[in-house]
Amino acid sequence: MDGFSYNKILFAALTIFFTINYGLILQGIIGKIYARVGRRIGIRLFQPYFNIIRQWATRSAISHGVMYYLGPVFRFTGGAGILIFTPLILDAPLFNSFTYAGDVVLVSYFIFLGTLGMALGGGEAGHPYSAIAVTRGLAQTAAFEISLMLAIYSIAVQYNTISITEIIRAQQGGVLNWTLFTNPIATAAAMLAFLGSMMRSPFDVVLAPQEIPVGPPTEYQSQFLAMLMTNRTIFPVAKTVLYVNLFFGGVALYDSYLLTFVVFFLKTFFVYLWSVFVGVSFPRFRVDQSIRFFIKWPLLIGVIAVVAANIRY
Amino acid sequence: MVKKVFILLMIILTGLILWSFVPGYESRTALPEVSAHYVEKGPEELGAANIVTAVVVTYRGLDTLGEVTILFAASAVVGLLIHLNKNENKRRREGSEILRTGTALLFPLILLFGIYVFINGHLTPGGGFQGGAIIASAVVLQVLAYPNRKIGHGLLSVIESLSGFTYVLLGAAGVFLTVNGFLDNRILPLGEYGSLLSAGLIPVIYTLVGLKVGSELSSVVISLNGESEEEQL
Amino acid sequence: MTGTIALITGILLVLIGLWGILTNRDIIRMIVGFSLFDVGIHIIMLSIGYVAGGTAPIIENLSDIGKSYVDPVPQALVLTAIVIGLGITAFMLTYAVNMYEKKGTLEIDKFEELKW
Amino acid sequence: MVDPIYLIVIALATAFALGLFRKAPSLLPYGLTLAALAVMTVISGSWAYGILSGSLEGTDIFTAGFTPPVSINLYMGSLEAVLLLLVNLTALMTALVLRKEVKDTSVYMLMLLLVFVMGLNGVIMTRDLFNLFVFIEIVSIASAGLIALRSNLEQLGAGFKFVIAGALTSGFMLIGIIFTYYTTGSLNMDVIASQMSPALAATGYTGLFLIFIGMIMELKPFPVNGWGLDTYEASVPAVSALVAAGTTSAMFYAFLKTSYMSGGLFVQAAAVIGGMTFIGMNVLALQQDKSRRLLGYSSIAQIGLAVLAYALVALYRIENGEFIVFALILTHALAKALLFWLAGIVGKDSIHDWGVIKKKMILIAPFAVAVSALLGLPPFPSFFAKWDLVMGLAARGGMVWIILILSGSLLEAVYLMRWFGNAFKDSFNEEDTLDWRFGTVLPVFFNMTVLLALGYLSASQSSFSMGFNWILLGAVAVLMVLDFLPGIIKNLLLMGAIGYYGYGFVMAAESYRSVFAWIFALGALITLLPGFGVKGKRMGFYPSAALMFAGLIGLIEAVDFMGFFLSWEIMTLGSYFLILRGKDSKPHALSYMLFSLGGAYLLMTGFAMTYAGTGSIALGALVKAAIIPHSGIIFALLAVGFMTKMASAGLHIWLPGAHAEAETDVSPMVSGILLKAGVFGLLMTAISMGEQSIGPVSLPYVLSWVAVITALVANYMAAMQEDAKRLLAYSSIGQMGYALFGISLMSHLGWLSALVISIVHFIYKVTLFLAIGSVAKRTGTRNMYQMGGLITKMPFTFFSVLICIIALSGIPPLAGFSGKWIVYNAVLEKRWMLQGAVAGAAGIIAFLYLFRLIFAIFLGQLKDNHRKVKEAPFFLILPQALLLGLVMFFSFLPGSLLRPVGEILEEFTTAGALEWQGNMAISDYGYWNGVAVMWVFMALFAVFFLILTINGRRAQWIKQFNIVFAAERPARPETTHFSYNFFAPVRKALGFLEYPFTTNFWNRVSDFLHAVAGFCRRIYTGNGQTYLLQMVIFVVLSYMLTKGGF
Amino acid sequence: MTDIIFLIIALFTVTAALYAMLTKDRTVSVLSAGAAGLFASILFLMMAAPDVAMTEAAIGSGLTTFIFFFALRKIRSSRNG
């Protein structure tokens, strides 16, 4: 929790760079797995790299207006902001550049900056599909956030802090210290919410391919789309890291950098995989169905988590 | 029927309320303080033999003024309503010959009797109201005998107004001439006890009251008979 | 005794008057009820002022002062009340006449233009 | 000094003399009558002045040259003098109004008028029982005559009922008088009073009872008053005015005299009857839509209140009783006479036809004054009377009566305000005319002036320590007088007054008051700015606004309950008039007023209980109130009272309509500023009283749930609105829910969040309402689905909305986040996570409506009919720009806001207070560096923007419809602007939240009351005989109940 | 003795009053009420109140009855017309 120093700018840039690469690889792997489950060959592992580079290189940029132009900027700012406000690896200065700016509340609210930017940009594009997708996304977000919030409350009471760093620190010293085991109910609630936040099947109606090709960014192409795609590589990572930090013991800085990265990779990968796993086994929900779903079971579990935490701690 | 029984019940209950006074009641043997004062000091103070008159005209003169006002108001209302609802007058059958002759004979007598009653109010039973009523009866006879004769409000109204006005002024004169003397009869000398011209202002006031009440009641009767001032004499 | 009889008579008259007022739908007869009601009250009033063995409070000679007289005050009040009663009766009758001219009936329950 | 007996002499002499002028031109008798009444007025006025100023003393007036009890005496004291002045003045004015009738009625009407007045004078002055009876008879005969002034069927029927009821009543009374004479041997009230003893009261019970019941029935108690109502309805309005003002006042005074005479024997019965009348008449009046009959109901109710007040003053030995009773009577008389005269001018009986009053707009002013005075709003004497009464009752344990009085008053507000609203808002037929003559108009304005003057007098004489801003009230008065000037000048005047006063005021405000002082004073100046853009006079706007701001500022300055409550009511009144100005605001303004009054009465009760428990009316007494018995109830009353103003769930139904329908620059006033009054009050209560509970129920805990449910449901409702201003209105409810939640946390952080939310909500809700208001103005609609794509047409407005919605939703770099962050910490500290989660969910739902707001209006496709829309006018943008500057300042330096506010609160509790390390705020749980967040945001934004711009510098701007839509280019914007029923899936899933529980509840309450009224008023069958029977039953029952048998 | 006469007249008064209220005929009713007034005035006389007796006779029973009849006549005439 130090203050500002100029090297932190560099650290932040490195964090973003690292995450972009990691995210792209992760995308490739997940894509592969997804295809294999569906008995297809799937994309190449580095296909995401090609995609994103191609988009950045596309020169036919057109704009529908100021907000359309700024939308991706907002979006990426939001994604990158979360990333550098969240400790990726405990006590590693490189991955803790701006964590001093705020705690888990800041991070969870900062998420909305990107969302809002996207929504505004898509909105100005004038395509109705964008707006429809935004409404679906917002509605779904509103539904799952409540159980996530309950889970966060539960662990905040458990650890008596809302500082992410402190929460990670409290989980050190063995697998059994993870929130997953010390507070399984809260974890359950949060992981259900996680499904919604990843917008994967069955909660992927926001981007439903049949009706709305790509969701809010319907009208985006070329460099704007490139920026959005870049964001899409870091955003799931940032979110996953947050979940890992809160519920799966975070990633401590081990003596061996390799070990540290392996742990980081494994934890984020499996948490990410969880959403994929659920996604392939369920059909898609309509928005109202997913709202009803979230205000039933995850909510109930969340309430139990909070009440239990209140009693226990 | 149920309603009538209920009303009866209510009246019985009202009766019970009033009855609650009866057990505690017995005729007085002595007068209350104020009444005793009237009876004992009244003749000297006011010079009126008829104590009731003394009370009515002077001691409780304000009541009497109010009473006159009530009659005045009543006749004004009667006048107002008749005035507002003018309708054509049908000729009525004249009274019988006997009635007309009798009326011609009796009318002045009754008038005189009325005047006698109010002039002597301070000495004998009677007074302005009774006298006024008697005068009005004379008018009633007249109206019965000659239903179509126009007896206007004009004269009556002037008498009424003047007598009333004078009454009030005389009352107010007491305030000028004595202390706190509104309606005080002693602004005129009390005179010799028991004579006609005694008791100061009382006979004057009773005369005025008699005239006023007589004219008012008469105009009520005339109004009810269907006369309105437009057709007056 | 006279006083008590008068008092009871008065009360009875009041009640009879009330009965008439409350049960007769005919306005004229209601007014008759009121005048009986009034007479009853007047009798009650006089009974209050009655002094057993008292004479009328007319003192012909000053030497008569000190004899037993009935109370002059209620008499004065009744006098006033009677005149007021006449005024009110005349007044009610005028109303009745006008109401009849307007509506052609004297049933009290036909005059319900205003309610609630 | 002229002997008061001349009052009677002059009236009678003139009346008698009028008979001589039967044939004279009508002007002569009319002139004589006026002269007589004028002289009487002067006489009684000089007595009133003399006695009240102390140069004269009350005197006995003897008649017949004897002293009482031998002869009848009258008395002229201060009360008599005032009442006489009232009666004679009213008569004089009524004579002016009746000018037109003189021709048709010959001299009779004038005679009756004079006799009537003389009778009233006598009733007031006499000290003799039988004489009182005579005068009462005079009054009833004369008024029965005046009732039939036009001699139509209705008048005759009503007059006859009046006469027979009067005859029955006076019969009972006469029997009572003579019985009393028997037991006491006297007719002089003073003598009887001096003899009165328990023994005498027992033997003379029946007599005294009959006098009592006779006097009570003269006052037309519920339910034996059908004849009285008919009279009010049927008479010429001017006569009704005289009856309502003169007869009732005089009869009431006579009732007082007889009641004193019997040594207060029937005080309890009077209390019950008075209370029953007050409530009963007010309930029944709900169903009434004939204005004169309505006034009749109201008159009788008011007299019931006066009787009740008298009885309670006597029962509970309340101080200042004379003032209480007579303030009520005088206010009622003046206001009711005014309203009846007004009814004469308007000439329409149905309250739905009163719109015609707007033909002379100025008539609204007396109407408003009279209605306010009747309702006991400040500054009219009735306000102070009710206040003193309630305080006194509370101190002596008369809670039941307080509830009764206040609920009756609320009911009264329902129908009076409905009527006023109708008159103000209803359209009218151009062909209708007003009876606009000197003679009819003068009395109305005269009484209005008198009411205002009395208000000033009673305020300046009142017992409370005056902390009130007369400068601002003076501004109200000046603006009222100068209402003919152009709006801009008045605006300058008002801003000048507020600026001049506000500077010292803000500087002087201490503690958390200073926060609200800033909001109120700054808010006033900023929200008045748009007024410069409005052309024309804006009649009524500036006085109302001044009234509201005066009230708001008074709230801060108040040092005692009285001052606080007074300011509260003034603020309510001003804002009511402001809201009423909106286009379709009639029902909303009404419900606003009713909820506000209801809330205010709860406050009053709470204050009264505090006073009862602590013996102090200083606002500081609330601190002491924390430990007295019933402190929980006090807290609950105050909390609910303030929550009505904050529009918490269940008490909110007035807000959406009221805020949405208000004018463009009124919405920000009432939403951004006015709501904070509730926050202020509740915060004051919470800070002063601390945690309170009723039994095992902790009140802050209950409040917290109410708060979060308010926030959740309101935000949900906001997301479902199609009307942009309604959306903002619901959003305000939700934000106030957060503030309430903060207060209910009862901790440093909780209160800090409430204050911060108040401040930022003020800033962005004013901005938003101005921005959306200007959009609505430019596009001519408030429906969002009819807008779209306005970003290019109104870019500044878009920008200000954008900043505001980011701030409002609490997204980090802007100021709104601070409130959220503090709330989270406070929730953890208190461990109310469930409520916290609901509040959080509400916050997320807020995104739904905020996005909808900006998207549907500014983004998407521009509609064809909006292609020529212009940017908002300068004076609507200027305040927005100022406020946006403030938002940005607080966003860059959140500490500049949080630190001073936090320091203020440390005075009360330091537990959990934020610790500051440079720009970093540290709580017990977490930390937040707003400055760092801002810089990170800006840096990232700048970098990415540069990347995008450099990479795509050849970006080409394309036309509106250049999109791919189902493989076609859309030709019309409507098909591509997705906006109507925006959140249909949410509605499908959560539609149950929309079920109007609250609205249905209040509708049922209203329906129930109206049904009760509709059913109960059937007792007024219209049959005179039935009325008589009811009276007899009433007498019998009263006797049985007071005596407990026969 | 006087008591008995008084009682009898009192009974007459009450009877006349009752009859006035029970009879179906308006005219009879008015007349019996007048009679009751007349009896009452005798009672007044016996109670040493000659003034009142006179008044009651002249006004209470006399003039009032006249006025009743005038009113009745007017009503009748307006019915015929």
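A, B, C, D and E are the chain letters, set down in written order, and residue numbers restart from 1 in every chain.
We take it that a contact is a pair of C-beta atoms (placed from the backbone, for glycine too) under 8 Å apart; a residue touches a chain by one contact, two chains touch by 3 or more.
Computed from a predicted model, the values in this text were never measured in an experiment.
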From subunit B, count the fewest steps through touching chains until subunit E is reached.
1
Out of curiosity, which chains are bumping into both subunit D and subunit E?
B, C
Relative to subunit C, the most remote chain by C-alpha centroid is chain A
Determine, using the mean of C-alpha atoms as each chain's centre, which chain is farthest from subunit E.
A
With centres defined as CA means, the chain nearest the overall centre is D
Let me have the rounded angstrom distance from the C-alpha centre of subunit C over to the C-alpha centre of subunit D, please.
50
Expressed in whole Å, how far the mean CA point of subunit A lies from that of subunit C is 99
I'd like the Å distance between the centres of subunit A and subunit B, where a centre is the mean of that chain's Cα atoms.
106
Go ahead and note the Å separation of the Cα centroids belonging to subunit B and subunit D.
54
Check each residue of subunit B and list the ones that touch at least two other chains.
7, 10-11, 14, 18-19, 21, 25, 32, 34-35, 38, 50, 52, 59-60, 63, 66-67, 70, 73-74, 77, 81, 85, 87, 125, 127, 129, 133, 217, 220, 224
In subunit C, the residues touching two or more other chains are 1-3, 8, 14, 18-19, 22-23, 38, 47, 49-50, 56-58, 69, 73, 75, 77, 79-80, 82-84, 86-88, 90-91, 93-98, 101
Numbers and ranges of subunit D residues touching at least 2 other chains:
130, 134, 137, 141, 144-145, 148, 151, 175, 179, 181-182, 187, 1029, 1032
Between which chains is there touch?
A-D, B-C, B-D, B-E, C-D, C-E
The answer for subunit C against subunit B in the complex is residues 1-4, 7-8, 11, 14-15, 18-19, 22-23, 47, 49-52, 56-62, 65-66, 69, 71-73, 75-77, 79-80, 82-84, 86-88, 90-91, 93-95, 97-98, 101
Show me the residue ranges of subunit B that touch subunit C in the complex, using the header's touch definition.
4, 7-8, 10-11, 14-15, 18-19, 21-22, 25-32, 34-35, 38-40, 42-44, 49-52, 54-56, 59-60, 63-64, 66-67, 70-71, 73-75, 77-78, 81-82, 85, 87, 123-125, 127, 129, 133, 193-194, 213, 217, 220, 223-224
Across the complex, what residues on subunit C touch subunit D?
14, 18, 21-22, 25, 27, 30, 34, 37-38, 41, 44-45, 48, 73-74, 77, 80-81, 84, 87-88, 91-92, 95-96, 98-99, 102-103, 108-109, 111-116
Using the touch rule from the top, collect the residues of subunit E that touch subunit C in their complex.
2-3, 6-7, 10, 13-14, 17-18, 20-21, 26, 29-30, 33, 36-37, 40, 43-44, 46-52, 55-56, 59-60, 63-64, 67-68, 70-72, 74-75, 78-79
Touch list for subunit C against partner subunit E, complex
1-3, 5-6, 8-9, 12-13, 16-17, 19-20, 23-24, 26, 28-29, 31-33, 35-36, 38-40, 42-43, 46-47, 49-50, 54-58, 69-70, 75, 78-79, 82-83, 85-86, 89-90, 93-94, 96-97, 100-101, 104, 106
